[in-house]
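Chain lettering (A, B, C, D and E) follows the sequence in which the chains are written, and residue indices restart at 1 in each chain.
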Amino acid sequence: MQFIQLVISGIAQGCIYGLIALGFVLIYKATETVSFAQGELMMLGAFCGLALMTFMGFPFWLAVISAIAAMAAFGVLLERIVIRPILGQPAFSIVMLTIGIGYVARGLITMIPGIGTETHTLPVPYKDQVWNVGALVLNAEQMVIIGATTMLCALLFAVFRYSKVGIAMQASSQNQLAAYYMGIPVKRLNGIVWGLASAVAAVAGLLLAPITFVHANMGFIGLKAFPAAVVGGFGSLPGAIVGGLVIGIVESLSGFYLPEGFKDIAAYIVVLVMLMVKPNGLFGDKLRKKV
Amino acid sequence: MTQNPPAVSDTPVLKLLNVESAYGPIRAIRGVSLQVRRGEIATVLGSNGAGKTTILKTISGIIDPRKGSVEFKGESITAKDPAYIVQQGLSHVPEGREVFPLLSVHDNLLMGAYTRKDKDGIARDMEAVYTYFPILRERAQQDAGLLSGGQQQMLAISRSIMAAPDLMLLDEPSLGLSPKLTKEIFEIVVRINRERGTTILLVEQNANMALNASDYGYVLENGRIVMEDTCARLREKDDIKEFYLGMKEAGVRGERRWKKKKNWR
Amino acid sequence: QQQGVSKTEILVGTIQDLSGPLAGYGKQARNGMQLRIDELNEQQGNINGRKIRLIAEDDGYDPKKAVLAAQKLVNQDKVFIIAGHLGTAQNMAAMPVQFEKNIVNLFPITAAREMYEPLNRLKYSFAATYYDQIRIALPKLVKEKNAKKICTIYQDDDFGLEVLRGAEAGAKSMNMELAEKTSYKRGATDFSSQVAKMKASGCDMVVLGTIIRETIGTVAESRKTGFNPTFLGSSAVYTDLIHKLGGKPMDGIYATMTVQNPYLDEASQPIRFWANKYKTKYNEDPTVFSVYGYSIMDQFIQAAKKAGPNLTTDTFIKAMDTMTFEPDMFGSPKSSYTATKRLGNDLSRLSQITDGKWKVVSDYVKPTP
Amino acid sequence: MTTTSTNDILLSARDLSVRFGGVLAVNKVSFDVKRGEVFTLIGPNGAGKTTVFNLISRIYTPTTGTIDYEGQPLTQQPPHKIASLGIARTFQNIELFEHATVLQNMLIGRHTHRTTSLLDDILFTKKARQAEIDAREKAERIVDFLDLQHHRDSMVAGLPYGVRKVVELARALCTEPKLLLLDEPSSGLNVEETEDMAFWIQDIQHELGITVLMVEHDMTLVSKVSDRVLAMNQGEVLAMGTPREVQNDLGVIEAYLGTVDDVSSLRRTAA
Amino acid sequence: MRFIFKTDYGQDIDLVKHNGQRFWYGLLMVVLVAAPWVFPEYWLAQLNFVLIYAIVGLGLMLLAGFTGLFSIGHAAFLGVGAYTEAVFNNMGVPFPISIALAGLLSAAVGVIVGLPALRVKGIYLGIATLSFGFIVEEVLARWESVTGGNAGITVKKPAMFGWSIDSGTGFYFLCLIIAVVATLGILNLLRSPTGRAFVAIRDSEISAQSMGIHLARYKTLSFALSAMLAGIGGALYAHKLSFISPDQFNILQSIDLLLMVVIGGLGSVHGAFLGAIFLISMPQLISLTKDYLPATIGQAPGLQGLVYGVVLIAFVLFEPYGLYGRWLKVRTYLQLFPFYRKGLFKRQKSFQKSDRLK
């Protein structure tokens, strides 16, 4: 029983990692850069939802939808202003930009007087609800995360696998020059990708807020999502979720059964083991350059 | 080729005026002016580093010219976004293949048709390129990056055909293709020109092929156009014969290893 | 010539986290200090003809930046004193820089023992350490609740460690052992396995070496899984955020405290007045950290006044070493300093959340002999 | 055209096969490369020529079959050892060090000849300096040989395609190989430059005494420089012999060369 | 423009190419040596930090800039070095020995961390190093008997054979000497076969391998050297801070280090120094200027992070090749002075290509 309860907690926590990892993978798949700002976008999304719900008094669903839409728009704008000017530069430049964006986002939020340095709670209707199934305790907040994550993942997977735009995004990440030659509007797609990633981040932020609260540093959880993405294979959307689950469950179990300290580094040990055994993660493409 | 070719009209589809492009401090082409008329095949000859690729890249907006203007179908496309230019009905087979290595062959071809909306037309063209290059059909689900060099070249050309463009820029289409396929490629190029009326600008090291397939030719040296004429007449010029067609007056070069200076007679 | 003291001005430096993980606290502490300075400069005149100017540096909770900040304050701005520096490691890194120039490190905002141990004439620490708080409060609470098994969950850093040590010492004084010690990394969000562990060991008393979100996370997770021991936190838990964010499940938690949280609707009139003044000035609710900042500055002013017109590090130390500070309106205990006693006091009170608010539930707890 | 009379076999492949998933890229291919000859692989696209090169340079491991080099099995060597055994290669798609100059690229080619230890390098001892100067001299000689003076200090990233091909050749020569693998050396070169390439290959064979194994589609070049030709198709050997023999082989014509020789049929007929 | 007439290959190899360079670097050295008597104490302390970070930066530059292996866990090496130094120094081991041990132990850890680099690249390597970083941090925190755990340890002044370096000046010269030696070592390395092998691996592994470069050996070597410099830097850092705790070597520190080399200019030795100057002086500049801002902005928490982020973004946008790139432009401008053409440095359109296949 204990074990099952731990696994359930692990799954719930894993879904959180997976959800954030989804954002990483999304950006990576479509632009081949790693966004270090994903956690901060999530934080902005949560603050956005908070502002709408508590300060502007929007009803819950309206607030959620507006927050996601607003963040999507913000993502597009961000791409337009900050990323686009250096589109085509080596991927690492863009990684640096995202680090910068992270600093700015955190700084800006912190600067809001009376709000930025505080921790807030998001008034969601399902707060603190628990279902007892036998001796197990299921937590509404966690169940919502699991459900939403699965849906988002399926949706994004379909987009990338079957839609023309999705394939074009991958194409432009693999060879931008050729994408231009094909008339693929690389810049516009990039905008869409960042919009999408911000929207996903907003969803993550809103779902996470009841558990971790809303504060300027909530984005740091993204550091745990990196291992999740890697374990799953960085280019794979389902991999992000599976990776998240693996990490979540391992963490939860090692926290209970292993000596102190292991829980905190379990994720990283899993990553290292994975990289030794299967360097491209569970679902990553096996890549080898043909010469 | 027996079918009646569409008449080459006098209106230029593509017009370059005094174009100058540079990579940093290196000026790769200087004051190039050329025209491609609707329905014709034009070719640019030139030795290594003459700037042929640079011209094509400048046309499709991959590099912005320092000076001069590029006009496509009467509209200026100077320094526009490459995606925009391609959407105007131009497609470019780049030097060095540039396939999408991690997409399947089929998806690569689909990307070629990105700017098109007509589903039926796309399916038809897909069928057509599969007939041109049966190996692509065989490998439709394989990652393009794992194809052999020549197969990738076929894919690059096919991808461009899939775009059903008005103007096709071909940068060394025969690179790495077997002799048999090289001929076939040129036949396909000519067929596309004749059957669909696609205007073509061709850059090719295989000058013999290029001069036979094209209507009009330019010779580029050190970033400048030094000669232009119809291909029929170019084929008769001595320098062309010697330097581009490899037909030597006996004993001029032969097995000896000195180079005659080109003076563009 | 004493640096940082002119005819008309005393330069006080402070280093706070204004951009890092504890930016909230850092800002409040600085505001509290500034509030007291403004009171002095605008209403009460001066200290022997001198006004105070505060220079606040941001170290982003990074020891390396703390060194640079201290260097700037000491060598560039040439402050007279550094007061209220936030963070243990940050203080540890900055102190050598200050001491080299004979600059007092007054009342750093950290309850680590290193702030007054080993003895140094330039060190002053003002409030009971986390170690002492728990060490002293735990036996009292254990007796009261008749607890059998003590566990602790602590943050895996210098702060958490102090609480753990306090709990260990407290347990030892009752000839008990900690039944379970479990930790988490700063910023963790999931406490399920830690709670499961403590639940599995059947604890009925849990010492919280946690701060805000972790306290809420731990307690909420416990309540959900039907684990209901007595929770005891240090003064780091004593903040209004616990009940504001955590809501109903937080009711019943105990925490040690040194000064009272200044609720805006506080019953005591002076605190209410003060809290509203703060709110008007900074447009946000004051917290205990605002109070820390305010008290630190207040006590500095008292000591500086006492030091007389010739204000130097030496005269200041001399004044400090004979100082006794009476309890202030926030209910801080009486504290005193001598040349060898550099911790103002080691006392704290117990408070408990009832109906979504901290209530003081005990007087100052004396160490059980 | 000289044919070496030595029977000395430098490289010998026996029953080489390699499979990638469903594709049998090379199927039971056997051939011998004699010391001092120019041996050419031809074949339609996708025949498996480059794959044979990759097998020799140990980028792939054969599914079955063996490769012997100077009588030793090559398949047991790790990939980085191949160069020090005296096998150098160029790549079909050009694999240069883009962010280095031509000269630096060539100096990297001297890697197998390094004599200095790490400590020598860090302290840049006299020995290191001398080794460096020696390496330069060797590289400069090849710069002269291949007419690269003009591009010596240019970044590879900015070079035209044709020059890169030559730089790759230069880099391979810098390793002072016994066996040189050239993958389509003339692709991207015009007629005139291809002629130069032919001269170089002949010089490499005769003056430097290097055995050349080459993949090439330009039949003029092939017949000019090769001693023997192996034609492949779909991974299998189609024909082997002198250039002339192979060129006249019906199978080769069918699969590779094509029948139409007159390209004037491409011309636009007057409307 | 300066034209140098070269008469032998040796000239190409020399570190200093002409008298102009000799003059400027000489002048720089003079200034550095005179610094303790010329600059106010506060500036000297900053300079000291710059030197320490430059040493670490040199190592990371070797790894990231020249070998193309990005480490997001470099603070771990800094930490290993710092702790080794702290432990041995506090035990009374003479300073030269303890700092050598710090370097060697870090190098050993570097080799271990380098192992995954043999199999993975790019982002995967990044995450692998990041993971190692976390693990090392955890070990430092948990191995209390040696490291003092999270409570941290105080580091005594460097001392050897009864002589201790306690003045700011002495320590400054120590850092200066080590920095100069490290720089020369790296420069030597880069003009020799080892350095070229690194660059080859960065640009094309497959081709490097076919040139006979043992990828595994050189990658591990790069990790080891890089970690060694980080370890030595860490040892100096430990003395400079005189108090170290595990969380000083966390991911944020690692990111700072990476930012340092990127801002300095990946792939240039100058970059390591310029980056260190940036990293250290930026927060100071912000705090110097914020006194002049209106209080609502100047005193707002978060300002530091915001400005830092904005500067970072501006950098990437306007100077993707880092400070060194900017410096090169300024220099070219001066050299070409009357003939400088405006478009010379106009940025080309450039196109990203997958480096998943390298």
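The rule is simple: a contact is a pair of C-beta atoms (placed from the backbone, for glycine too) under 8 Å apart; a residue touches a chain by one contact, two chains touch by 3 or more.
Bear in mind that the values here come from a model prediction, so they are computed numbers and not experimental data.
> Return the chains common to the contact lists of subunit A and subunit B.
Touches both subunit A and subunit B: D, E.
> State which chains count as neighbours of subunit C and simultaneously of subunit D.
Chains in contact with subunit C as well as subunit D: A, E.
> Which chain maximises the distance between its CA centroid and that of subunit B?
Of all the other chains, the one whose centre lies farthest from subunit B is C.
> Ranked by contacting C-beta pairs, which pair of chains comes out on top?
A-E
> Report the inter-chain centroid distance for subunit B and subunit E in whole angstrom, where each centroid is the mean of the CA atoms.
Roughly 48 Å, centre to centre.
> Can you compute the centre-to-centre distance for subunit B and subunit C, using the mean CA position of each chain? Integer Å is fine.
75
> Averaging over Cα atoms per chain, report the distance between subunit D and subunit E in Å.
Averaging C-alpha atoms per chain gives centres 41 Å apart.
> Could you put a whole-Å number on the gap between the CA centroids of subunit A and subunit C?
36
> Can you tell me which residues of subunit A touch two or more of the remaining chains?
Residues 106-107, 110, 113, 116-117, 174-175, 177, 180, 216, 260-261, 264, 287, 289, 291.
> Touching two or more other chains, which residues of subunit C qualify?
19, 23-24, 27, 156
> Can you tell me which residues of subunit D touch two or more of the remaining chains?
50, 59, 91-93, 95
> Considering every pair of chains, which are in touch?
A-B, A-C, A-D, A-E, B-D, B-E, C-E, D-E
> Quick one: which bits of subunit A touch subunit E in the complex? Just the residue numbers, please.
28, 32, 34, 36, 82, 85-94, 96-97, 99-111, 113, 116-117, 173-177, 180, 216, 223, 226-227, 229-230, 234-235, 260-261, 264-265, 267-269, 271-272, 275-276, 279-281, 287-289, 291
> Enumerate the contact residues on subunit C facing subunit E in the complex.
Contact set of subunit C toward subunit E: 18-20, 23-24, 26-27, 30, 56-58, 60, 62-65, 67-69, 71-72, 75-76, 88-89, 92-93, 96-97, 156-158, 160-161, 186.
> In the complex formed with subunit A, which residues of subunit B make contact?
Where subunit B meets subunit A, its residues are 60-62, 81-84, 86-87, 91-94, 98-103, 107-108, 110-112, 114-115, 145-147, 159-160, 163.
> Under the touch definition given earlier, write down the residues of subunit D that touch subunit E in their complex.
The contact residues of subunit D facing subunit E are 57, 59, 79-84, 88-89, 91, 95-100, 104, 107-112, 114, 116, 118, 120-124, 128-129, 131-133, 135-137, 140, 171, 175.
> Any idea which subunit E residues touch subunit A in the complex?
Touching subunit A: residues 70, 116, 119-120, 123-124, 126-128, 130-132, 134-135, 138, 141-142, 206, 251, 255, 259, 262, 266, 296-297, 300-310, 312-313, 315-317, 320, 349-358 of subunit E.
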